[in-house]
Every structure is written in structure tokens, then in C-alpha cells.
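Consider the two complexes below, in which chain A is the common component and chain B and chain C are the respective partners.
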Partner chain A sequence: MPPLHAPDPEPLWREEVPIFEADERYVSRRQLTKFLTLTSLGMFIGNLWIAFRSWLHRAPSYPVCSVAQLDELPLGGVKIFQYPTRNDDCILVHRSDDEYVAYSQKCTHLSCAVYYERETDRLACPCHRGFFSARDGSVLQGPPPRPLPRVTLKRRGPELIALGIQPGKEA
Partner chain B sequence: MFGCEFYIDPSRCIGCQSCYQACEECETHRGHSMINFDFLDREQTVATAAYVCWHCDDPTCAEVCPADAIKQGEDGIVRSALKPRCIACSNCVLACPFGIPKMMVSEQMMMKCDMCYDRTSVGKRPMCATVCPSQALAYVTPEVIGRRREKPTNVFYFGGQRVTTRVHMMVPSGADSISLDVADYIWEEAYATPSRA
Partner chain C sequence: MSQKQQPERVRGLTAIDGAMALVVLLLIVQIWLLSATLETYLEGHQETALPAAIASGILFLACTGLYLYVEALDRRARKH
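Coming up: the complex of A and B.
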């Protein structure tokens, strides 16, 4: 049986490094097909990798840790704590007799620290006058695009413990 | 001026260096002349020779370039090194059998005659050929050069290497090629010192 392709008299490097200007710009059908196939393959593998990663990080786990003692905060009092890591400042607010809420202290606009305004019962960002509701963290006014992430709290005996963080959904 | 070819006749060169100056005036490489100007043997003669690039059909300079920087156009003109690619290694300078490429140290790249590509591509003559008073460098049609006594050839032998070029050399009628072998010019002790016997 004869070979399908006659052996190429020119070595491959000669094809890759041509002396003629026109040959350098020439793209053969095989080269284009190879480029398209490899690029598509790369995109496909990249997508698989992204899907795999998002599957891996489907449910981020948060540590369970103590935040404050119940008698530590007076009514309307505020405590800054770090959760889930030491670099994430959160703000705990004692709103009413039996109601404690905690949010990430990072404003969702440009990450300035928000503070609690007791008179109006809202969290204020001083940088660009953004305001969040202290009740559920939703944006009341200003440039922040999302509500503040809320820290899930649970009462266990005399102390409050943090269970996780619920990211604020885009309005 | 389309249909013209470049002819070099060193026997006509009068050493005025007009070509050298004219080449330097070219806008594409102002200040750098691409003419190779030689005094043949200064002790013995006032003879001079001016050369442009011969634009080989199979350019040795491009063959040896490790950076893929020297390209030949569809018209057979071998261009200067591509600035983004040239690594100033001087391989082409050493490899060219005619000694044409010039390493421009200030530019960190090789530059050579590109037969005034900007002019010849729009039908003008190269700068050097326009100024040469004795037409030792001539850019004319084959009919015009056919009236001369010398005949053009574009076949060169350098030892075992056969080189055909785009530019023609005028040789005495009867010769159909030019043959040079470096081995013929190698200094040998036996010839250099007279025999004492």
C-alpha cells in the first residue's frame, strides 16, 4: 500500500522559519485548523476547571466561634469583632432587648468601615454617605451596590456565637 | 523605470564616492551609507570599487540568521534586518560571501542595501545609480546594458558555493561567471619567505 503522504523534502523548521516574506504570512488550512482545535480544547479545559473549582467551593465552610457575651453589650451598644478571619472586621449591634445583629463592617461600595447610627437605627459609611438598614443590612441610600453581608448569629447560653456569613444579594 | 536591472561595473568606478554620499541622504536610513566602497590595493593603484547588495536568490545572510530577522521580498530584494527581531549577532556579516551586511552598533542591528526599496517599488532608480557619473552603478534595462562591451553575469562561485544574484556584475565578454576561492588567497609561509636554498 502506498504511503498516504509523500515524504516532505523540506524540513519542518524550513516551513516555520521561511526566508520569503510572503511565506511567513501564509497560513495553511492545516495550521488554522490546528490553531482552532487547540484553542477550543484550551477553552474547554479552562471551562471544566472553572466548573470543578466552583463545585469544590460550592459551600464555603465558616468557623463557629464565640463573638460576645450577652451582658457585655448595653442596649444600642456595638462591638467590633473579627470573623471569619482576623482580617475581616464585623460589627455586632444590640438593637433591641432581644435582638442582636452582625454585619461585615466593609461597605460594599469601596470597603470603608461602616459604623452604627443609633438615632436612625442604620449603618452609615462616612466615605460616600452610604447607608444600610440595621434591620437586614439592605441599602437605604448612597452608592453601595449590595447589602452588607450578614453574620449568622446564634445564642448559646450566655454567649453569642457566629455560624457563618450570608452574602448580600444584588438588589 | 520598471523592467530595469542593476548592473555593477567596477572597471568604470572613478572613486568619486557620489554613491556613498547619495545613499547616506536616503530618508529611510539617513546618515548611514549602505554602499560598500573599496580601495582595491592602495599601494599599487588608485582603482576603487563600489558595491551594493547583490540580492542573492538564496540569500546566505538570511540562511544563517538565528533570529529569523532577514527576509526576502517577492521581488527578490533582501531587506535589512527587522528591527524587533535582530539580535545584532553579526552572523550575517560573517556569512555573506560578498561582505555586504553592516552591523550598525549604534542601532544594535544589521543594515544593508535594500536597493532603495522605497524608490524602486514606485518606479524610481536607486539613489546610487542616479548619481553615479560613470554609470559603474547602473539601473537600466537589459537592452541598454547590452550595448556595452562587457557582458553581465549573475553567477558567482565561492569555492564550492554557487550563488546566483539579482544584481549583475559586468565581466569581460567570454566569461560567463565569476569564480573566487578563499583558499587561493590564504597566506602561506612557503610563498611568503623566499627560499634560502
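Coming up: the complex of A and C.
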């Protein structure tokens, strides 16, 4: 017996919603891939920016200036001075008879000013209890991610001369 | 489009998924590269910046290639 109604080639719901799920996924995935590619472009631009900044500052020039008189600091004494600009505080420490060291006073964690602890011969940051070695500026303890930048010093007659700043060396 | 063409489109989707996964992987490497370069730059080591920029550029080109592949797949699927 033949059917009363021939089956419809397409169900009614397909006529009313004529979008295939796969088609929709194609569009959204293509857009997502485009977005990811643009993000990749952003990362590339970021790296280019760092490379450009490195190229600009590849050979920083520092002023040569006197920071202290040798007889001004007793053994274990400390002097704060500004180098290379007036906004960059540095700390000079007289560690032993013949040894003077100077570092940037800004903690490499959140830029708090570090101070010298003579008893333990280390530089301490009071904000988050970070400690640096007074010998080489390396991180001994706490949250600082990097050693303190070191000021290069040279003796010239009765005074100490600052020649430049070196990035801190890992312990 | 008929239902007969659906399996082909689903196969295309699988290829697109694979390409997307690769793009995501490359992007993760690029993000790591950028953060590592920034960290070393802030430490005062500037010699890593140029090689890192070149590597990041290669990764970006790979991402662009994969995106063009996805576009081509999409265009081909639309023609059918």
C-alpha cells in the first residue's frame, strides 16, 4: 500500500534553521585562528620593541664622577650618593680596609631602598625582607628576582670615582 | 548544501582543529619567549634581544602560514 504522504526531502526544522552546525564552527574557528595570529603578531612586535630598545641602549655612557673621599668613610661605614643621575640613589659601603663596594639602592623587587647590615655584612630591603650579599650584590634571601646593579669604582688619589654601572651577577 | 557533503566538512574541521592546536602551541612558545626576553633585558643582558626577535618572527610567520591554510580549507569547503 503506498503511503498517503510522500516523505519530505528536508524536515521542517531544517527549513526554519538553515544553518549547519559544521558551517558555524568553520566561521568561529577561522575567526579564532585569525585572533590567535594577531596575538602572535603582538608578541612579535613586543620582541621587536625590546630588540629596538636594546639596540638604542647597547652602549650606555655613564658619567665619571667622584662619589666619596677615602677618609670620609670609617670601616663599616656607609654613604648614599646619586649616580648616574640625581634620581638614582646608590649605596657605598666600606667593607674592609681596602674594599669599597657600591650598589644601586633600589631593591630589584619593588624598588624599596636597601640598607647595609654591618653585623651580617649584607644589604637588606625592609619592605619584604629581601637580602643581598654586600660582597657581590647577589640575592641571598627573599623575593628580589635579580642581584643589585653594581657601581664600578676606582680609586684616584684620595677619592673614589664612579665609572659606570654593571648589571648584577647571579651568585 | 546536502547532508552528503557533511562528512567532508567534518573532515575539514578536523584539519582546522589540528592547525588551531599548532597555532596555540606556537603562541604559547612566543609568550614564553617574550617574557624570558623581557626578563633578561631588565636584568641588563641585551645580547638575547635580537635572536629572540628573529625567533619570534619565525613563529609569527608559522602562525600566519597556518592561518592561511585554515582560510584555504575554509574557502575550499565553501566551494563544494
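Here is the rule we go by: the second predicted complex is superposed on the first by the 113 of 171 C-alpha atoms of A that agree within 3 Å, B and C clash if a C-alpha of one lies under 4 Å from a C-alpha of the other, contacts with A are read in each partner's own complex, and residues count from 1 in each chain.
The working rule: contacts are C-beta pairs under 8 Å (C-beta built on N, C-alpha and C of every residue); 3 or more make two chains touch, one makes a residue touch a chain.
Since the structure is predicted, the reported quantities are computational estimates derived from the model, not experimental observations.
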item: First (chain B), second (chain C), both or neither touched by A:Leu163; value: neither
item: Partner chain in contact with A:Leu36 - chain B first, chain C second, else both or neither; value: second
item: Dominant contact partner of chain A by residue count, chain C or chain B; value: C
item: Partner chain in contact with A:Phe44 - chain B first, chain C second, else both or neither; value: second
item: Touched partner set for A:Pro149, first chain B, second chain C, both or neither; value: second
item: Footprint overlap on chain A, where chain B in one structure and chain C in the other make contact; value: 20, 22
item: Chain B-touching residues of chain A, taken from the complex the two chains share; value: 17, 19-22, 24
item: For the chain A and chain C complex, residues of the former touching the latter; value: 20, 22-23, 25-26, 29-30, 32-34, 36-37, 39-41, 43-44, 46-48, 50-51, 53-55, 57-58, 145-146, 149, 166-168
item: Chain C to chain A touching residues, read off their complex; value: 1, 6, 9-10, 12-13, 16-17, 19-20, 23-24, 26-27, 30-31, 33-34, 37-39, 41-46, 49-50, 52-53, 56-57, 59-60, 63-64, 66-67, 70-71, 74, 77
item: Residue numbers on chain B that touch chain A, as the complex places them; value: 58-59, 62-63, 68, 70-74, 79
